[in-house]
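Order of writing sets the labels: A, B, C, D and E. Residues in every chain begin at 1.
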Amino acid sequence: DTKKDFNVCWSIYVGWMPWGYMKDHGIIKKWADKYGISIDVTQINDYVESINQYTAGGFDACAMTNMDALTIPAAGGVDSTALIVGDFSNGNDGVVLKGKDKLTDIKGQNVNLVELSVSHYLLARALETVGMKESDVTVVNTSDADMVAAYSTPDVTATVTWNPLLSTITQMPDSHLVFDSSKIPGEIIDLMVANTQTLKDNPDFGKALVGAWYETMALMSDPGPDGQAAREAMATASGTDLFGFESQLETTRMFYTPQAALGLTRDAELKATMQHVAEFSYEHGLLGDGAPNAGFIGVETPTGIYGSDSNVKLRFDPTYMQMAADKQL
Amino acid sequence: MLQINNLWKSYGDQIVLERIHTEVQAGDFVTMVGASGCGKSTFLKMLLGTEVPSKGQILLDGQPLAAEPDADRGIVFQQYSVFPHLSVLDNVIIACAFSQSPWTGWLGRTRKAAARQAAEAMLDKVGLSHALQRYPHELSGGMKQRLAIAQALMLKPRILLLDEPFGALDPGIRADMHELVLGLWREHQLTVFMVTHDLKEAFYLGTRLWVFDKVRHDPQAPHRYGASLTYDLDINRKRGSDLQGAALLKDIQARTAPTVALAG
Amino acid sequence: MKRMINLRPDRSWRMMLTLLPFALLLLVYILSSDARLALNPNDKLLPSFAQFASTMQQMVFEPSKRTGELLFWQDTFSSLQRLGLGILIAATLGLVIGLLTGALPLVSAAFSPLLTVVSLIPPMALLPILFIVFGLGELSKVVLIVIGIFPFIARDIQKRAQEIPAEQLVKSQTLGAATPAILLRVLLPQLMPRLIDAVRLSLGAGWLFLIAAEAIASTDGLGYRIFLVRRYLSMDVILPYVAWITLLAFLVDWLLAWANRRLYPWYHQGGL
Amino acid sequence: MKRMINLRPDRSWRMMLTLLPFALLLLVYILSSDARLALNPNDKLLPSFAQFASTMQQMVFEPSKRTGELLFWQDTFSSLQRLGLGILIAATLGLVIGLLTGALPLVSAAFSPLLTVVSLIPPMALLPILFIVFGLGELSKVVLIVIGIFPFIARDIQKRAQEIPAEQLVKSQTLGAATPAILLRVLLPQLMPRLIDAVRLSLGAGWLFLIAAEAIASTDGLGYRIFLVRRYLSMDVILPYVAWITLLAFLVDWLLAWANRRLYPWYHQGGL
Amino acid sequence: MLQINNLWKSYGDQIVLERIHTEVQAGDFVTMVGASGCGKSTFLKMLLGTEVPSKGQILLDGQPLAAEPDADRGIVFQQYSVFPHLSVLDNVIIACAFSQSPWTGWLGRTRKAAARQAAEAMLDKVGLSHALQRYPHELSGGMKQRLAIAQALMLKPRILLLDEPFGALDPGIRADMHELVLGLWREHQLTVFMVTHDLKEAFYLGTRLWVFDKVRHDPQAPHRYGASLTYDLDINRKRGSDLQGAALLKDIQARTAPTVALAG
C-alpha cells in the first residue's frame, strides 16, 4: 500500500554522516518535496538499536552494514533491499595489538571486540589469513562506547574495532595495527537498507533518498570551500574536527558517484563476499535456530542469488542507483 | 434507644466478649471499665461499625446498626484523632464539609462562610478560640483532645463514643476536660459511651458504670471464655458523695487490677 | 580527654574538616594528572585544569559552528526538561497508584502484586520493546525515566498511605465523608510531603535513566554529550559534565527539601 | 452498600483479583504476538511461547556448541556471584562508613559532605576512570556495583545510627563503656537489621549496575547474554532472561526479608 | 558530697537556670518539681555531664565534675533506657561487661559467668527473675523501668539520676516502683536526684524537695530570666503524715500548674 510519510534512521559513523547533514541542510526535504512525500530522518546513537527498530517495523529504511543486514532484518524475516551502497571499509576496521606487532602474536590472547559485529567477522577473516581459528583466541564482548577506555587499561592487549575508535586507539603508545579491512576490500560494506515491500509500493521513496544522497555526495567530494564546509559540519556532528574526520575518510572507500557504487554492486565478487558473511553468521548461530545451512537465507545480487532462492530476504538492487547514474531522478 | 441482644465477639478461636444483653436509653452516660485486653475497645468498635458482632445484634431504634461508621456516631480516640495537615479551624470546618458534600468534601463560598462561623462558635465552647490558625503539632495534648471533641460534636451525633480520651493527659487538664464533656453532654443531650482506666473518673462522669469481666475461667485455655458485663450500676448524679459502698469498690478494684486503680 | 563519641568540632573546625577530603581528592587528581601528562603530553584520561578551562570555555560561551547554539546550555536545558517531565509524570502516576492501592483494599488486591513484579523488572533489559512501543522521540526518553522510577514511588506512597492511622479514616467516616472525599481531603494532602521525599530518593535513579536514554537516541543533552565524546576519551568534556550533573543533582535535591519544609511545616515538626 | 474504602475481598476473591492483571497481560502478549507472527512468521520481537520453550530448552539443558557449558546456568551463576560479592562489599563498606559518620561527630564533619557528593555522581559517566583504576576483569564489575550502591547504604545507615536514641549512648557511658565498645555492642547490633533493609532497598539498583557492568566487557552473565543477543533481536532469549532476573530479584528480596524477621525479632515487633 | 556554686545555664540568649547555690549530702533523696520547661531535665543533664554549665560550678567531693557521663552517676530516663536488642539478662550483664572491659565490652568465660550470677541476683531483687530471656519489646512499661533501674544499680553508682522515671506507668504499678526504689536507696545508700510531675510522689519519696521556679519575670522577654531553686524543703521521713502546711502546698501547686498537680 502506498503512503506519504516515511521514517529513516542512521547512527554516527563516518560513512553515514551525510544523512545528518542532509537533514540539517534541508536536502532531504527538498527531494521529498519533489516527489510529494515527507521523510523524517532520525539519528540514533545506539547502532544496534537502530537496526532493531527498523527490523521491528519502526522505520522504513536504516543505515547498516551488509553483515548486519543479513543477520538482523533478513534473518528476522524482514525482506530488505540495499538501496544505496555508500562505501566499503578500506582500513576503517582493524585489529590492534598492544606491545606486539605481528598478527600471529594474537594467539592465546583475550581479544576485546563487539561480539557478533563486523569486528568479529574481521577477526575471523584475519585469523584465516594466518591459518588460525577463532578458538585460538578468547573473544571478550566489549561495548563500543567503552572500547577506548577499556583499551587504555593494562588488561586489554588485543582489540578489534572501527573508526573513530580505531584511530583514537592506534594513537596510544605501543599500539600496532596488525590487520585492517583494506586487506579484505569490499567485504564490509555500508548500506542504506530499505524495506523491500515499502520500496516496491512507493518507488518515490527510493528515488528521493537516492537523489538526496548523491547530491550530498557531490557536495562532500567538492574540494572547494563548499565541500570543506560540508565536511566540517559532518566532523563536528561526529564529535571530532575536520582533520580527524578526513583521516577517517581516508580509510573509507566512499562511492561519491553512482557509477562507482554500481561497480561494486555488479561485481561477481559481491556474491562471494556475501557467502563468506553468511557462512560466518551461520557458524555463530546468527541466522537463527531454524537455519539448516549457511544458504538458508537467500541473498540476491545482480550476478545471481546466493543460497536459497525460495527464501530471498536480502536484495542488492542497482535500479535506483542506476537512475541516479542516468540522471533520471 | 440502643438494644443489645446476646452479643458475642470472637477473633479466630479466641472469644473476647460473650453473652452481652443490655439496653441503653437516650441521654445515658455509660462509663466502661475492665482489665486491659478484656474487650472494651472491641465493644466500642462494634457500636461504631468497624467490627461486626460474631453472634447477636445491636439494634438502634429497632433497626440493625449500620455496618460502617456514619454521622450518627461520633468518636474520640486516645490519640490520632485530629487531622495533622489542617489548622485547628480547618479541622472543624472539614466536619461540616464532609457532612454537607460527602463525595468531594468541598464547600462553596457561602456554605464555607457558614461552616466557618459554626466552627468558630464550637471552638469557642471548647476554649480553643485563641488557637484557630495553629496546627495540631503546635497544640498540647489537652488542646488536641478538645479539638477532637469539637470535631466530633460538630455534627451533633446521637451517640458519642470515647475510648480513653483522657488517658494521655495530666491530672489538672483532665479535670477541665471532665467539666467540658459533662457540659456538652447536658447541653446536646448526647448518649455517651466512654472507656476509662480510672475508676474515679468513671464514677464521677457516668450515669451508668459498666464493668467488663470474665465470669467463667478455664486456666488451661484462657481464650475459651470471653468477658461479659458483670456490673451495671446506676450512679447517682450527686457524684462521689455516695459511692456504692466501699466493699463493692474494693471488689471492682481487685478484679480489674493492676490496670485500673484509683489514681494517686 | 573526652570520649571520641562526645567530641564535637566547633564551627571553624567543622569547616576545615569538611574541606579537607575535597582538598585531598583535588590534590590526588592534580598529582596523577601531572604524572600522566609528564609521561605522555597527549594523554586524555586525566586532563589538566587548563585543558578543562579551555574546553569548557568553548562549550559554555561560544556558539557551536554546527547549530549556532551554546552547546553546554543547550544540553543542560534539554536534559533538565526531560528529567523534569519524567519525574513529574512518574510522581503523578506513583501518587495516584500508591494512593489507590494504599487506601482501597480491593484495588490493592488487584494491583499490589503486579506493582511488586513491575518494580523488580530491570527496565534497561526491555529497551527494545519500550522503543518500539513509544518510538524514539522525546517521548521514549521520558518514558524510560518514568518506567524506571514510578514503581519505586508508587510502592513508597502505598506504604505511606497505609501508615496513616486508621483512626483518621474512621473519624472521617463518622463525619459523613464518602470514599472520594477521604482520598482527596484526608489522604492526598498528607501524602504530598511524603511524595516529595520519595521523589528526592529516586532522583539518583532518574539521572541514571536519563543518561542511559540519551545515550541511545538523542541529539542533545548532558548524557548525549558524554556518550558522544566517550569514543574519543575526551575526559576534558566528560569530567566537567559529570561535575555539573552532580551539582545540578545537589541543587534539585536541596530545592525539594527546602520546598517540602516550607510547604508542609506540620509534616516536619513531629507530624501528628 | 459499604463505602469502597471499607470493602475487603475475601480469600478467593483476593486470589482472583491478584491473578487477573497477570492473566490480562499474558493475553495481550499472546494476541500481539500472534498478530505479528501472522504477518511475518520470522518476526523476532514478540516470539510465541513455543519459541520461548524451544530456545530456553536449549539454553537450560543442552551444552553450548562453543564452550560446552549449559549457558543459562553458567550465566546465572556468574551474575549471582558478581551481584553477591558487590552487595556484600557495598553493605560492609556502607555499614562501616554509616556507623562511623553516624556515631562520631568528628568523622561526620569530615566525611558526610563528601559522602553526599559521591552519592550524587552518576557512576556510569566515570567508567573510563574506573577501568584505569580497577582494570577490566571481574573486579571492575564488582566495583561498579559497589560504587553504585554503597553511598545509598552508607547514608541510610548514617541516618539510622543517628535515629538511635541518644539516651542509649548516655546510658552506655554511665555504665563505663568507651567509644569502641559503644560502637560494637550498642550501635552495630542495632544497625544490622536496618542494614538488611537498606540492602533490600538497593537491590534494584544493584541489578541495574550488574547488567550495565556485564554489558561493558564480559564473557558470560545474564546481562551479557541479553546485550549479546540484542544484536540480533532474539527476544526469545531476552524475555525469558528478564523474567528469570525478575524472579531471582524477588527471591533474593524475599529471602532477606525472611532472614531479617528470623534473626532480629526485636526489630520488627515494635522495636523499643 | 556535691556542692553547687552559682550555677547558670543558658541556650543562646535564653537563660534557663540562674543562680543556683546548694549542697547535697551523701544519702540524700532529692525530688525535683517545677513547671514544664523550667529546666529540671537541664539540671539533671549538668549533673550527668551531657550539658556544661554556662557559669558556676558543680563540685563532687571538692573536684569539678567530669564533663561527660561516667560510671559514678547512673541514670534512668522516662523512656528508651534499655537496649532493645538484648534480652533482659543481657541488658544487665552488659553493664558488667562495659565496666570491666570499657574498650571492647567483651568478657572472658569466667568473668562472664560471674557477671551472669550478679545480674541474676539483681534482677531477682527488682522482680524480673521470671523474664530473664525476654526482649524489652515483650515487657510492660513497668517491667522495662525495673530493668532500667537494675541496669543502673549494677555498678553501684554513687549518684542515681531519675528523670520522670514513672511518668508513663499506671498508678498501681507506680506504687510498686516506689517501694522498690526506696528499698534500693536504703540498701545501697545512694544519693538520688529524681524529677517528677507528681507532687504527692515527690513528698512521698524524697528527703528533700526542690521546687524550680522563676523568681524574676519580664513579661516582654520571658527568656531574659531563668528559673532558680525557690524552695528546698526537708521532708520528715514519716511521709505524708505531716505535710508542711496546706498553704505552702497550695502555693507550690499554683506556681507549677497546670503540669504539676496532686494526681487524682
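Basically, a contact is a pair of C-beta atoms (placed from the backbone, for glycine too) under 8 Å apart; a residue touches a chain by one contact, two chains touch by 3 or more.
The shown structure was predicted, so the numbers you read here are calculated from the model rather than taken from an experiment.
Visitor: Taking a step as a move to a touching chain, how many steps at least join chain B to chain C?
Guide: The least step count works out to 1.
Visitor: Farthest from chain B by Cα centre, which chain is it? Let me know.
Guide: The chain lying farthest from chain B is A.
Visitor: Please work out which of A-D and C-E is bridged by more C-beta pairs in contact, and write that pair.
Guide: A-D
Visitor: What's the chain with its C-alpha centre farthest out from chain E?
Guide: Of all chains, A has its centre farthest from that of chain E.
Visitor: Please compute the C-alpha centroid of chain A, do the same for chain B, then give the distance between them in whole Å.
Guide: Result: the chain centres lie 80 Å from each other.
Visitor: Averaging only over C-alpha atoms, locate the centres of chain B and chain D and give their separation in whole Å.
Guide: 48
Visitor: Could you state the distance in Å from the CA-based centre of chain A to that of chain E?
Guide: Taking the mean C-alpha position of each chain, the two centres sit 83 Å apart.
Visitor: For chain C, jot down the residues that touch at least 2 other chains.
Guide: 3, 6, 45, 128, 132, 173, 178, 182, 230, 233
Visitor: Provide the list of chain B residues touching at least two other chains, using ranges where the numbers run on.
Guide: Only 68 qualify.
Visitor: Listing for chain A: what residues touch at least two other chains?
Guide: Correct list: 52, 56, 146, 148-149, 152.
Visitor: Flag every residue of chain B that touches chain D in the complex, lowest number first.
Guide: My answer: residues 67-68.
Visitor: State the interface residues of chain D toward chain A in the complex, per the touch definition above.
Guide: The contact residues of chain D facing chain A are 40-45, 54-55, 58, 65, 127-128, 131-132, 135-137, 215-219, 224, 227-228, 230-233.
Visitor: How about chain B: which of its residues touch chain C in the complex?
Guide: These residues of chain B touch chain C: 48, 50, 68-71, 73-75, 77, 79-81, 83-85, 94-95, 97-99, 101-105, 135-138, 151-152, 154-155, 157.
Visitor: Can you list the residues on chain C that touch chain E in the complex?
Guide: 2-3, 6
Visitor: Using the touch definition from the top, list the residues of chain C that touch chain B in their complex.
Guide: Residues 165, 167-168, 170-178, 180-182, 184-186, 189-190, 264-267, 269-272 of chain C touch chain B in their complex.
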